[in-house]
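Each of the next two complexes has chain A plus one other chain: chain B in the first, chain C in the second.
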Partner chain A sequence: MTATPPPPPASTPVPPKYRVLVGIEVHLQLRTRSKMFCRCPVRFGSPPNTLTCPVCLGMPGALPVPNRDAMLMALALATAMQCELAELTKFDRKNYFYPDLPKGYQISQLDRPLGSGGVIEIITEDGVRPIRLQRLHIEEDTGKSLHEDAGNVSRVDLNRAGTPLVEVVSEPDITSAAEARAYLTALRALVRYLDISDGNMQEGNLRCEPNINLHIEGPGGTTIKTPIVEVKNVNSVRNVGRAVTLEVERQLAEYAALGPAVADGHRSTRGYDDTHDRTFLMRRKEDAHDYRYFPEPDIPPITIGSAWLREAAERVPELPHARRARFVEEYGLSDYDADQVCRERPTADFFEQAVKAGAGAKPAANWMDELNRHANERGAPLDQLGVGPERFAALVKMVEAGKIAHKAAAREVLPRMMETGEEPEQIVDELGLGQIDDSALLWSAAQDAIDQNPKAAADFRAGKEQALGALMGLVMRETGGKANPKVVRRVLVEILTESDPEN
Partner chain B sequence: MTELWQRDARSLAELIRTREVTALDVAEAHLERVLSWNDHIEAFLHVEPAQVRREAREIDRLFEAGADPGPLAGVPVALKDNLSTRGAPTTCGSRMLETYNASWDAHVVSRLREAGAVLMGKTNMDEFAMGSSTENSAFGPTCNPFDRERTTGGSSGGSAAAVAAGLVPLALGSDTGGSIRQPAAFCGIVGMKPTYGLVSRYGLVAFASSLDQIGPLARNVADAALLLTVIAGHDPRDATSSVRSVPELLKGGTESLRGVRIGIPTEFFDEGLAPEVRATVGAAQAALARLGAEIEEVSLPLTRHGIAVYYIVAPSEASSNLARYDGVRYTLRGEGRSVLDMYVSSRGEGFGPEVKRRILLGTFALSSGYYDAYYGHAQKVRAAMRAEFERVTEKVDVLLAPTTPTVAFRLGEKMQDPLAMYLNDALTVTANLCGAPAISLPCGRSSDGLPIGLQLMAPRFGEEILFRVAAAYEAEAARKFAFPPEPSK
Partner chain C sequence: MPIDRDEVLRIAALARLRVSPEEAEALAGDLDRIVAHIDSLREVELPDDSGSLTYFDQDVHREDRAGESLSRDDALKNAAETDGEFFLVPQVVDKPGGKTRDDRATRSGGDDAGRGGDR
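After this line comes the complex of A and B, so read on.
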């Protein structure tokens, strides 16, 4: 008699337990007037090789002299991130050949970075969490190589060569795509608060390279560490999240295929492909350069004395997390509103000045999105909209006092203030919006008319504009003909669109 | 009658200033010397007579207009070909830069122009200043004016030969491991390496940045002091340039050296020293004693490691400094299907064998896994050497030693033996590694009639005492500079 073997157990693959470890390297272009080691201006979009000199062209005999302002900006950032500041810092040469690296080496910092340790607080849906930092150092940017599709021609533009960069390296404390995005958002807010960089990823003045791997719970309680992958070409906050997500999926798939042997792999560098939303292999560890670092003999070590520290500290304003807490405390904002208002320093500054000028904190906070929308549309900073915090506060106060409806203020008065520079009272008068002055009455009359004529209201909402005539007649009668018909019309339209059940 | 070309810089400056002669007369006299000598010794790589005359006429015009064109007004000065000079070739003795013309002046060149000097041209050198005989020039060696079978030393051999043969009264050289002092000694003239940081390196094509210094070559101490005074001082474009004020050199007055302490470092008088050199330097020591100096033996045991340290530090820095010559911009460009091929052919064709040897040495010494054993270790020994040097020079004012172990060797004699060539720097590298000033003065001749150099070293920024002792010795020895015999036609 033969025994039939029992059927194999239905194998539903149990997804392994794992932890995601992400460390992020960020390169930040500092917004100095001149380059890191010469006096050429730092500017974007000039004709190729026009912002150059013997130093940044790497001509024979040219010598680098460190830019004090760049050092101070980096020190301010290090101070803001609570790094331990070096007492003695120095520059080192990182040697490699590339056509856009004119000296054949990049001046960087190896073993005595300007700052060590430190922390950046990130905000996610789960709250505030600190991400520890490894280091912060200064280096110079390279030029750009432009490869032409047709022909075997490559061109080099050295306008960017020598632009001051700060590199900030985090510990692998980041555990998800959302945290990676939050980290970049927080760092960008910080450098904008410090006014040391535009922090614009599209323009490349903030570049980031996440290092991603997994600690997977293996058989028998072992921990299997997947090889670290560095992802390049990540050019937006959103894509940092994508890179993390894609790498986690890929590394899990690799584990599924290889099992614990996945840990024997080597570090590698992958590129993020924006168009196809995928990562691809760029190089393995074996191909890594030997950069032959050694101390830069052209620049003596620099002692960071108390004068430097004082100057750097003076450059550090109230930082986003402190400001958020204070706005909650002092102005009674919700955590959400405080976070929204404090993300960008100009917004927070504008908000606070408006409140000081008498605007209510909550309504002012609600207005900030509207103001920023105008700023974006015009491509102008908030403080150049033509409406300063004081005049803005006057408008907010009028709304608070019921002298004008919020919607009218936003749609009509604010745009006109920006265009003409007139005072809000004046505009309200001119547009006749001010007759609403006596008009708790006017508004209730309008509301009454609508309540009494649901059919006319429904017709208007259905698109029959003439239906408004009936409602207007009712209001005019109720107010003894004193109301400005234009205003009555506006009020009716406002109420009808606002309370539209379809919207 | 003394010919114009035989006069020293101060006397020429005086004659021009008092309008006894014109700057153009002086320029013509020296151009004529270049014409009769340069084919025989190859001291100059580039001379543009029309440009020289233009500069001289401009000086004369300024004088006629009542202006003061400066302390070197009308004095011809030669420049080593690694000093960037606007509108002139700056080849560094290399094929790599054969067609390169700088578009700007080195700091020292600007200073010379401001002082009214007439720039005679660019002098020959070992390629990128790497060598001790000027035989490593891609454009052929310079010959010693006193014996054309022999080398001038190097790497500033062209500058030394030009001054010795009377083609110019003054020249600038650069000294990384002895490259001013050793050719000065071989050619019987004065050559001085200033304290590191006293003279801006801006525009000096780098060989080894932590060791390079620009310095004067002249036929007497006072001329060297004059030229150093013109080029020294802070320059914000060189981060290693000192902010100290430049000492007043040669105030004149007493030649007595009473109270001056002179140390004789025993390590500099080893077995390797030629007997004639030992005897001649010994006589110089006696002359200084006669002037009242206190002579005492001192010891600098770490200097025995000087050559080893130097030949790690200098090639390491050079391997990085020379990376910019990649064929992409202003250099020779080789053929290649890829960027890498182009690098390889450009650097393969552009650099000579000694430069390649040192780039390889330096690349190896800096490479991962070897850094600590070589570069890191060498820097530690260098720091210890420097501390030792400073300790010893607290007790004595200057140190006295020969400049070179032997007189000028024969052309070709050491070309097949790099190590023997390197050992020629044994007595000069200490000053570079310690950042200290040092001067080489003629102190006699060998039985073959070849010059012998006396070297004096001082603590950092000790130029004042260094020049004082040098000038006192020169006066005591009362040895007038004797020009080499004219080349036979």
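After this line comes the complex of A and C, so read on.
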């Protein structure tokens, strides 16, 4: 009964077994009022070079003084990630030359970072997994260099120079593109819960650089390690996944071409090009940079005493993973729903208030996407849509009680609630949506009529308005003439225009 | 470790200083003596509790309050070249193709502090 499968023909190359190792470095801009070491305002979009002073311009004799709030924000993040907090922390100078670094060095932290170790829990289809962290430290941002396509000058704007940054470095525990995306999603959720950064990758206040290599099972049980590649210019969660996928493919191809000699290559930096969805070589690190770090002599070391720790701890709210677990436990949500609801703190807050106001947890969770879509369309936060959790709960309850169809509630009642601030009952009455007890019945009758009469549907879509008459007749018959014809008409048009493949 | 001519040239290159081989030879001797002098501090006997880095009894920091910045004219006043809005510098070549946007990638690398060196 043990039939051994035939060996593959010798000509078929056997794909190598390999393990993917990805570490991610993230830089986060902290949302402070003033810069890290001077009192210049932190503000995005100001006219160039209007937010500078002798400190952030690197004038001789200027004295940097650390921003206490920035320290606390970084400490809160380190606490939330269960880092070991430094008892004594200090700043160091990292020396290199670049036009957007006016001092010729960046104030950073080398050997006494604010946090060491720690963990971020990620959620993928395979469940929850911890990604270990190496460290968390504070540094200052650089200015911006704008390179012209033509011409031989670059323009430098130093408004951003000196903005507080937190750098979070993970261990190479991430093993796939999906995990890389999940890591960034989790870190972004964390900083938004802590309210310390916008965490917006497009706007550059969360920047990430994945470093990627493979451990390939070579001949004779050897492990061949491909050189580590760091990828820059990754500006969205999706692109982090792309960068990992592309790099794994490229490194496998390199192994196929070079064999074990691939391991002799050098570390390199590649850029992600999202227009062509590829990475390109930026530089090899044959000559490792020598940043000649030394302690920043202008800033005394800082003792992180109990007062600091207490204040930092006070800034840590219930975190996404704890809240997720509680929503599963307390409200009976599925892991998936709980994760969806808990990704953003305002969503979780709104959801919880609505449930406390009487909405069913499961239906309320399903509604949150719809609400967030409106919020995005209006560019308004969830709590400024004009529909508070209580009135929203009233609407959810009406749907639960079968007084109105979900579709009608979502398409007609909710938008009107946001516009007029009316109560859902009132809107349902006015629009005649509750005219027959079960308006879910009306929607399904309309859908049935369309399904049974594809020709009339096609004619209407082709512009023959009168074709609607046949469909309306069907629905009226089906509902025993109790439906409001105006509503039937609107429902039919709604369905027909929505499912129109041309539209 | 004695400082030799090559070390001086390496440090000079990192600091963007132009040093001739002859100057490097002379500087190597000078720097070597300076470093040796500083090294002699290690011979001083210290009390046991001196492992701490703190030599101030007060942490120095400030509240997060924004203040006044310089006017742009003042900020640009000492620049070698400006267009009245930006500092102008020789073209920065950091990316191939020249099609570069705002240079958001930070330049802190995985080579910091020997991170991730062996994997």
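One rule holds for everything that comes next: the second predicted complex is superposed on the first by the 420 of 503 C-alpha atoms of A that agree within 3 Å, B and C clash if a C-alpha of one lies under 4 Å from a C-alpha of the other, contacts with A are read in each partner's own complex, and residues count from 1 in each chain.
Everything below uses one rule, namely that contacts are C-beta pairs under 8 Å (C-beta built on N, C-alpha and C of every residue); 3 or more make two chains touch, one makes a residue touch a chain.
Nothing here was measured: the structure is a model prediction, and the numbers come from that model.
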{"item": "Touching partner for A:299 - first (chain B), second (chain C), both, neither", "value": "both"}
{"item": "First (chain B), second (chain C), both or neither touched by A:204", "value": "second"}
{"item": "Contacts of A:58 with chain B and chain C, given as first, second, both or neither", "value": "first"}
{"item": "Partner chain in contact with A:93 - chain B first, chain C second, else both or neither", "value": "first"}
{"item": "Partner chain in contact with A:290 - chain B first, chain C second, else both or neither", "value": "both"}
{"item": "Which of chain B and chain C A:67 touches, first, second, both or neither", "value": "second"}
{"item": "Greater residue coverage of chain A in the superposed arrangement, chain B or chain C", "value": "C"}
{"item": "Which superposed partner A:108 touches (first chain B, second chain C, both, neither)", "value": "second"}
{"item": "Partner chain in contact with A:228 - chain B first, chain C second, else both or neither", "value": "second"}
{"item": "Touching partner for A:157 - first (chain B), second (chain C), both, neither", "value": "second"}
{"item": "On chain A, positions contacted by chain B and by chain C", "value": "54, 57, 65-66, 95, 97, 99, 154, 156, 290, 292-293, 299-300"}
{"item": "Residue ranges of chain A touching chain B (in the complex, touch as defined)", "value": "54, 57-66, 93, 95, 97, 99, 102-105, 154, 156, 290, 292-294, 297-300"}
{"item": "Residues on chain A engaged by chain C in the complex (per definition of touch)", "value": "21, 23, 25, 27, 32-34, 39-42, 47-54, 57, 65-71, 88, 90, 94-100, 106, 108, 110-112, 134, 139, 141-142, 144-149, 151-158, 167, 169, 172, 204, 207, 209, 211, 213, 225, 228, 230, 232-233, 235, 267, 269, 271, 280-282, 285, 288-293, 299-303"}
{"item": "Chain A partner contacts - residues on chain C that touch it in the complex", "value": "14, 16, 52-56, 59-72, 75-76, 81, 83, 85-92, 94-100, 102-113, 115-116, 119"}
{"item": "Residues of chain B defined as touching chain A within the complex", "value": "82-84, 90, 92, 97, 100, 102-104, 106, 201-206, 208-210, 236-240, 316-317, 319-320, 322-324, 326, 328-330, 339, 343, 363, 366-368, 371, 375"}
